[in-house]
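Letters A, B, C, D, E and F mark the chains as written, and numbering starts fresh at 1 in each.
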Amino acid sequence: MSHWIVAPIVIPAFAAPLLLLVRRAPHLQRKVSLAATALLLAVGIALYGLAMDGTVRPYFLGSWPAPYGIVLVLDRLSATMVLLTAVLASAVALYSLNGWDEKGHHFHSLFQFQLMGINGALLTGDVFNLFVFFEVMLIASYGLLLHGGGSNRLRAGFQYVAINLVGSTLFLVAVGLIYGVTGTLNMADLAVKVSQVTGDSAAILRTGALLLFLVFALKAALVPLHWWLPTAYAAAPAPSAALFAIMTKVGAYCIIRVFTLIFGADGGAAAFVAAPWILPAALVTLLIGALGVLASRVLVDLVCFAVVWSMGSLLVAVSFFDAQGLTAALYYTLHSTLIGAALFLLSNLIATRRGRWHGLLQPSPSMVQAGLMGGLFFLAAIAMAGLPPLSGFIGKLMILAAAWPSALAGWIWAIVLATSLVVIVGFSRAGTVLFWKSEAVDASHPEPLPEPVRIAPLTAAILLVSGTALLAVFAGPVTRQLEATAQQLLDPAPYIAAVLGEQQTAGLPGRR
Amino acid sequence: MTIAFLPLIPLLGALFPPLAIKSGRNVCALVTLLPTVAALVLLLAAAPTVYAGGVVRAQYEWLPQFGLSYSIFIDGLGLFFAGMILGIGLLIIIYARYYLSPKDPMGRFYAYLLLFQGAMVGVVLSDNILLLATFWELTSLSSFLLIGYWRHLPGGRQGARMALVVTGGGGLLLLAGLLLLGRIAGSYELSEILQRGDMVRASPLYVPMLLLVLGGAFTKSAQFPFHFWLPHAMAAPTPVSAYLHSATMVKAGVFLLARLWPVLAGTEIWILIVSLVGLITMLVGAWIALFKDDLKAILAYSTVSHLGLMTMLLGFGTPMAAVAAVFHILNHATFKAALFMSVGIVDHEAGTRDIRRLGGLLYLMPITGTLALIAAGSMAGLPLLNGFLSKEMMLEEAAHAAYAGNAWIVPALATLGALLSVAYSARLAIKVYLGPVRSDYPHPPHDPPAGLWLPVAVLVAPVIAIGLLPALVATRVVSQTALAVIGGEPLPIFKLALWHGVTPALLMSILAFAGGLGAFVAWSALDRLRLSLPPPEAKRIFDATVSAAVTGSRAAIAALHTGSLPRYFAVIVGTILIVGIAGFASGSYSPGMRPMLPVNAPAFTVWAILIATCAVTIAAHGNRLLALILSSMVGLGVSLAFLQFSAPDLALTQISADVVTTILLLLALNLLPRTTPRETGHARKFRDGAIAGLAGLGIGGLAYAVMTTDLQSISSYHIAQSKPGGGGTNVVNVILVDFRGFDTFGEIIVLCIAALAIYALLESSLRGAAARRLASMRQGIEAADAHPLMLVVVTRVLLPLVLTVGVYIFLRGHNLPGGGFVAGLVVAIALLMQAIASGYEWAAMRRRINAHTMLALGVLAAGLTGLASFLFARPFLTSTFGYFHLPVIGEFELASAMAFDAGVFLTVVGTVLLSLSQIARVGARAERNPVPEGPSDIRFPQRADAAVSAAAPTYRQED
Amino acid sequence: MEILVASAIGFLTAAGIYLILRMHSFPVIIGLTFLSYAINLFLFAMGRLAIDRPPIIASGVEGYADPLPQALVLTAIVISFGMTALIVVLALRGFLETGSDRVDERPSPSDSGERYPS
Amino acid sequence: MIASACLIAFGAILVSAVLALFRLVRGPDVLDRVLALDTLVINIIALIVVIGLWFRTSMYFEAALLFAMVGFLTTVAFCKYLLRGNVIE
Amino acid sequence: MSARLFPHPLLSITVAIVWLLLVNDITAGQVVLGLFLGWAIPKLTSAYWPDRPLIRRPGKVIAYAFIVLMDIVISNIQVAYWVLYRRGPSLRSRFVTVPLDLTNAEAITTLAGTITMTPGTVSADLSADGKALLVHCLETDDAEATVAQIKDRYERRLKEIFE
Amino acid sequence: MAIFETLVALLIVIGAFFLFVGSLGLAKLPDLMRRLHGPTKATTLGIGALLIASMFYFALIEGDPSIHELLITLFLFLTAPVTAQMIAKAYILRSQQTQNALPPTGGRTGWATLDPAPADGSAETSRD
């Protein structure tokens, strides 16, 4: 059993309290935080390398056998997501050196705790432990959202927290119902037990499964559960918002995980119970997201709705629950995480260069580094809107292709493409105002614009944008990996066998 | 070098001009020329193979799983178009070097130009239709940049956006169409698809696919009714217009029709749609061109018209028409590029492009004038020029074309198109170059430097050459290209010649020529006619559509995202209800047989109290303090329920957590409004009541449904293993610190984060608006003593006693109800009592450990306990325990789980102290009068508090 | 007894939901605590009810209440404690900043100076 | 006999709880409610003690102790709030 | 045995006894643990104990406790009668002032506590200078007598114990 | 044994009775100061009797001597007066009528709830 599997959780879990102990030394804090993030990245790469062989590796915490203790599971999917998180975290950590980390208290501790929560949610193989890590992730995100204060952030924060508390409540109801019927919490064990549930309890089980789906859908900002996202992410400090780009994906990840492993093809009375709900909701999400992009008057709002829109695309792909769909969904997950984060960082970089105009989509005097900013924005917008040659285009292509067998293929194509056009319109309007129209504004404007030119934050944004380019260039190899991941998801038997081992038949064994 | 690099050379080359511009404009232009020349050389190197009937290919996998590969091939059509793109591109680069003013950022211009060039080459050389779609969208993007190059011009920005929206949107249609096509044909490789035309045309999906592809082609080629974007794109610098609208961008649509001709063409619907759209476009474009005063606008609409002509030819679906189309593509590219450039020269030299302000330029700038007149002549279709030849071919094809069974309508309208073409060409030529020399040009015009006119001359050369010696110059190209267009079919016999005898085409041509001149003469009358017609609406409709979409989406988003939490909650809870009910209804259910427990009196009482409390809370929640008291009641009831149903640990945890929550809420309520205003509106209350009632019914019903069934749970293992495996008899505690210790690890981290977040939140409230509001906060009547003597004395006595209880609860937790969490809360309660009785500062001063440090140590202690198992090569959090024996003391147990629990304990104490002391600190800001310093407000002479202060540890500021 | 517990859960939930649909932060918070009470009971009830059978291992005792949901509820209580503390402070902080504790209003235009570091 | 006594006690505690609840609902002053809550806690402690006797177990002792502590702190906090506004100052 | 090591010997003993009460089990091990806590807890909390409350005559404490317990039982019956059989408004309730001779905070607190615990009287407040107690009587004709009884029966004894 | 049982049962009933009286007082008496007397009874004799019953029961009948009930008694005896006084103080502060009915302290200062403590132990102001 490789202890490295628990490392993505333990590293930040130790880094954060250490950061508390050195809270009076900001420079040391930065070093500790960066070092922990770098370590996390290294571990993420190593774990990915480990998972690439297709073996499912369980990690039995406390040496207790599954399903009695808590088990972490490293498979292709969790390794991919952990690596993605680490990559994103590295960029965000770099960006926060902008001075963001000093705008309030405990930024780095909260940041590390947030990473711990995300990684825990990605690695755990236990539904209640998933709840716990969701809470860790959420409460850290509350802290990060509120970092630096300000009235908007507080209002948005209250909404975000309140809605998520209802989500947490729902999570407990769902877990309770599922436990009440099956008597277990371990996902692999659930996969076994759920398939054996008889008709008498099917209604309860289905209700539990659907409520669980709603919990994840809330995190994934699926309409009509998306309300919190535009306000919260728009109000969040840029690095926080960028880090949050992964949180919606954790929601999507959980849908993929739970509804392939437990309530997938072998889900008995609750097989594919969520599938009929996802597609229509995802299509509406696309529409709302695109409308929001077009409606936004402020850059960061536009980015927020673009994120909603991208979640719609992603979940359309998820809804098929087949190899092509999951491959597309996973690719889109990688893509939209990187590009969402990049756009949040960029919108902040742009806003800081525009003086009192900030992110307002109105002409202002031309900003410092307008060329560079414009270029980055152009690339990021292309990627987000799904125009070639960046990853958004590839992702869209894959989703459209995956939709082919669906009975609603026509609708899916129409809505995906039509909303793409709307998003293109929105981004082109924003870009022309920010970079072109602004250049046209009288240069002799009395108000000098600020000149924040620091390398670290720029590097972070550039790295993320280049990430989408790399995803596009290496779409073939990446997709092959993701295809293998999708295949692994669609065949839960090895997962179940790896986690439960021979315990299924062997009575009550002692500690491993 | 492989031809795979052909599109990439310009694309990558685009990186360099912006860097080179620092070395001067000539270097920059050279750097731009280099990749173009390189690509051209690479292309021409393939020409011999292609002209020998071969095809050059290169293929790399990109996304094979989804049919996307990087496949490049050069056949006749690709070679023809790529040659045109690169060749004219070369001229444009030279021309632009002299055209752009020193103020224009030339590096950027060339970068965009190369991007565009690469994308165009990619479109025409793609052997994979998805790759084609990729490059297709890239041309939209790069043309967006080119059209918007002059950012200061509002027209440029709007034009660029419009072009992007129309062509980019068309690109999306095309993408869908090509995906469909690939599905139908079973391959995305063009060379394979081209073999499967019959299969494609027989597919039931042929029509939707065709419509989508045509949507892409028509938008790109500015076909009616999408023609409106093209003239607005003329805001771009002239080299851009010359490039985009003569040889490249707009031709992409025509290229696509030609490329897919073997697969798509020939069906009835193809002919009906394509030829009609082409015909209409030809007429509409020409008609509008006739009345424009801006030279570029004339050329733009003329381009629209000529694109319509080509589309119409391809739409006829006959091989001969295809040959004509190819020939006209070539001819149009030459004369139109030359015309655009010459207009640029005029604009550059005379300072205006307005036809009304020009005239007689032939005499002032003879070189330009001559070249322009020749090109215009070709556009008009004058004999001896190449435009004449292809127009003849067109008319010939039109003469034989029947549309929907009608034999004369196409020839008539085609002749009308030719007529208008003659008319606007004449107007352009005569009004600008001929006629009297004027004295009021904005600039005195004269011939430009050779750099500007030489490219024009280079283009005019083939105009004449083909016009005079078509067979010699053009046959090879046209036939090879046409062969590629018509695919497998045999190339029809055609002869490129000046004289075909008296054919219908000749008659039509003469008619058109005469009529055209007539129209030119009668221009004013025609103009009056035009003015009496309704004005063209396309752009207005487009603008109105976009702005309506923006307004509409703003209204929709504003209506949906009101920012109202109650509304969001109503929607969310409603969704949960709907999905939950649907989920339940979709499965089968029958109640279980589990025997129910009999109701007893205490339980019933607690139940009644809970229900009553709920009711009173709903009715009286406006009084916040009352609501708080009621919620404390509920907490008591719930913990009693836990106690009743054999969960002592839960009862202990619930009440101790509740009291801290209550104190926290009281601290907050001190600074919040004391009452909640009554809400108006019974409908609203009814709605909320209905939602709440349904939710309650649902969850209560589910709980009951589950409780009627029996449960086989994994927890029998926990019960069995608790003592032998976990070393404790309190199974709940062993689960918490051992079986599921990882949950608890997460849980204390939640607490730690909560404390940190609270700390950070409140720390910032000591500044800014919040601080001002705090300072101006008016308190109600207050008691004079902040620290009543009796309270102080009793809590002080209680402190060691309660701490002892805390230790007791901690130590017994593993075996009996209790544990680190409850113990932590008990200790926190003991310390809180001190703070309440004697004041925050007084109590904080006496605490020995900083709450931050306590938090950190708590998490670290728990984590290190987990990590310690690595030393024994066991997974994280593997516990161990042992029984030890000491003299006097006897046997006792030590378990690593206790160290873990100690971490829990520390975290809990730290969390409570940090949060509550922080909020108390904020509350202290609202004090009007200085609060007497603790411990008691009443001092007795013999009691020397002063001495104590000296002995006490120094005051700790939490940070 | 089960019907009492189930109906209590239902009433607590209904009260909680009704309160979170109010327009001010304080009742929302009280509503959330009601909800958390309800859900803690619910989760607990998923292990079925048992009287006088606390899961403390002792010789001669036959059956025990299901300890697992108890452990889960304990975790849930602690977590909701932390969450409640945070949201209370958040409501307070918001009120101090804006002078209003309404939760049914649109936030002011999301672009304001405080969002960006200067 | 002890069982009967316990039943009587249950009855008395039940009635007491209802009386306290009456005061809680009736008020009129918020202090009456605080006092009612305090009384209710005392009734609960008594109930726990009687339940311990009923089931012949001392398992619930800590609960009773904790209820006593918590009840005290809650009441003091409410009073401090009413007296001074700020509970911890 | 210095004051640093055992800041509050009385408290230490109390803690040890409380510990034994808690564990409900007198074994050697628990006694040792109790003594350890009796040492550790007062030491940890010494900062909260500015000075040592001294009980000068521990023997008198027992007697005092006995008297108070007796009074509690007797007057409880009295009060129960009032509550059960008298109409509320007919009770002649009033505040009385008990001037204090005690000058020790612990002593005053004990007195106030005693007054409250014995039914019929509740100590409601202390004067701002700590020299008088405000006592509410549920039913009294003769305030003077009540005050005298308090001073004689309780305060005198407490003065002996504490001062 | 029977005598012990009777004793325990009696104590239980006594405890229950005084608890009831306390709550009845709370519900029945007309103003807060009078109601305040109720819970005090319940605390002292009510809980006290029950706890003694519990101790007797475990020591005499179960043969498992248990005296930790004393701790609860101790705790309640320590805290109940404080609770009562805090409530009384709050009531005095909130009720103008009660303030008017208060007797003088007899010293130079007023009651602590209404008057600040004198600085340096010397009285400055007097409210009444």
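Everything that follows uses one rule, which is that a contact is a pair of C-beta atoms (placed from the backbone, for glycine too) under 8 Å apart; a residue touches a chain by one contact, two chains touch by 3 or more.
Remember, it's a predicted structure, so these values are computed and weren't measured experimentally.
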* **Contact distance in steps, from chain D to chain E** => 2
* Asked: When every step has to jump to a touching chain, what is the lowest number of steps that links chain C to chain D?
  -> 1
* Based on the averaged CA atom positions, which chain is farthest from chain B? -> E
* Approximate Å spacing (C-alpha centroids) for the pair chain A, chain F -> 57
* Just curious, how far off is chain E from chain B if you go by their C-alpha centres, in Å? -> 73
* Asked: Roughly how many whole angstrom separate the Cα centroids of chain A and chain B?
  -> 15
* If you average the CA atoms of chain E and of chain F, how far apart do the two points sit, in angstrom? -> 12
* **Junction residues of chain F - those touching two or more other chains** => 17, 24, 36, 38, 43, 66, 68, 71, 75, 78-79, 81-82, 85-86, 89-90, 93-94, 112-113, 115-117, 121
* Scan chain A for residues touching two or more other chains and write them down. => 128, 132, 135, 139, 142, 146, 148-149, 151, 155, 158-159, 162, 166, 173, 177, 179-180, 185, 231
* To do: Check each residue of chain B and list the ones that touch at least two other chains.
  => 561, 563, 565, 569, 573, 644, 648, 669, 699, 702, 706-707, 711, 713-715, 718, 739-740, 743, 747, 750, 753-754, 757, 761, 764-765, 768-769, 782-785, 788-791, 794, 801, 805, 816-817, 937-938, 940-941
* Structure fact -> All chain pairs satisfying the touch rule are A-B, A-C, B-C, B-D, B-E, B-F, C-D, D-F, E-F
* Asked: Of all residues in chain F, which touch chain E in the complex?
  -> 17-18, 21, 24-25, 28-31, 33-34, 36-38, 40-41, 43-45, 48, 66-68, 70-71, 77-78, 80-82, 84-85, 88-89, 92, 101-113, 115-118, 121, 123
* Footprint of chain C on chain D - complex, ascending -> 55, 57, 59
* Given the complex with chain B, which residues does chain F contribute to the contact? -> 74-75, 78-79, 81-82, 85-86, 89-90, 93-94, 112-117, 121
* Partner chain B, residues of chain E touching it in the complex -> 11, 14-15, 18-19, 22-23, 27-29, 32-33, 37, 41-42, 44-45, 47-51, 103-106, 108-109, 112-113, 123, 126, 128-130
* Give every residue of chain B touching chain C within the complex, in rising order. => 561-567, 569-570, 573, 594, 596-600, 603-604, 607, 610-611, 614-615, 617-618, 621, 624, 627-628, 631, 634-635, 638, 641-642, 644-650, 653-654, 657, 660-661, 664-665, 668-669, 671-673, 676-677, 679, 688-689, 691-693, 695-697, 699-704, 706-708, 710-711, 713-715, 718-719, 722-723, 729-732, 735-736, 739-740, 743-744, 747-748, 750-751, 753-755, 757-758, 761-762, 764-765, 768-770, 773-774, 815-817, 821, 911, 915, 919, 922
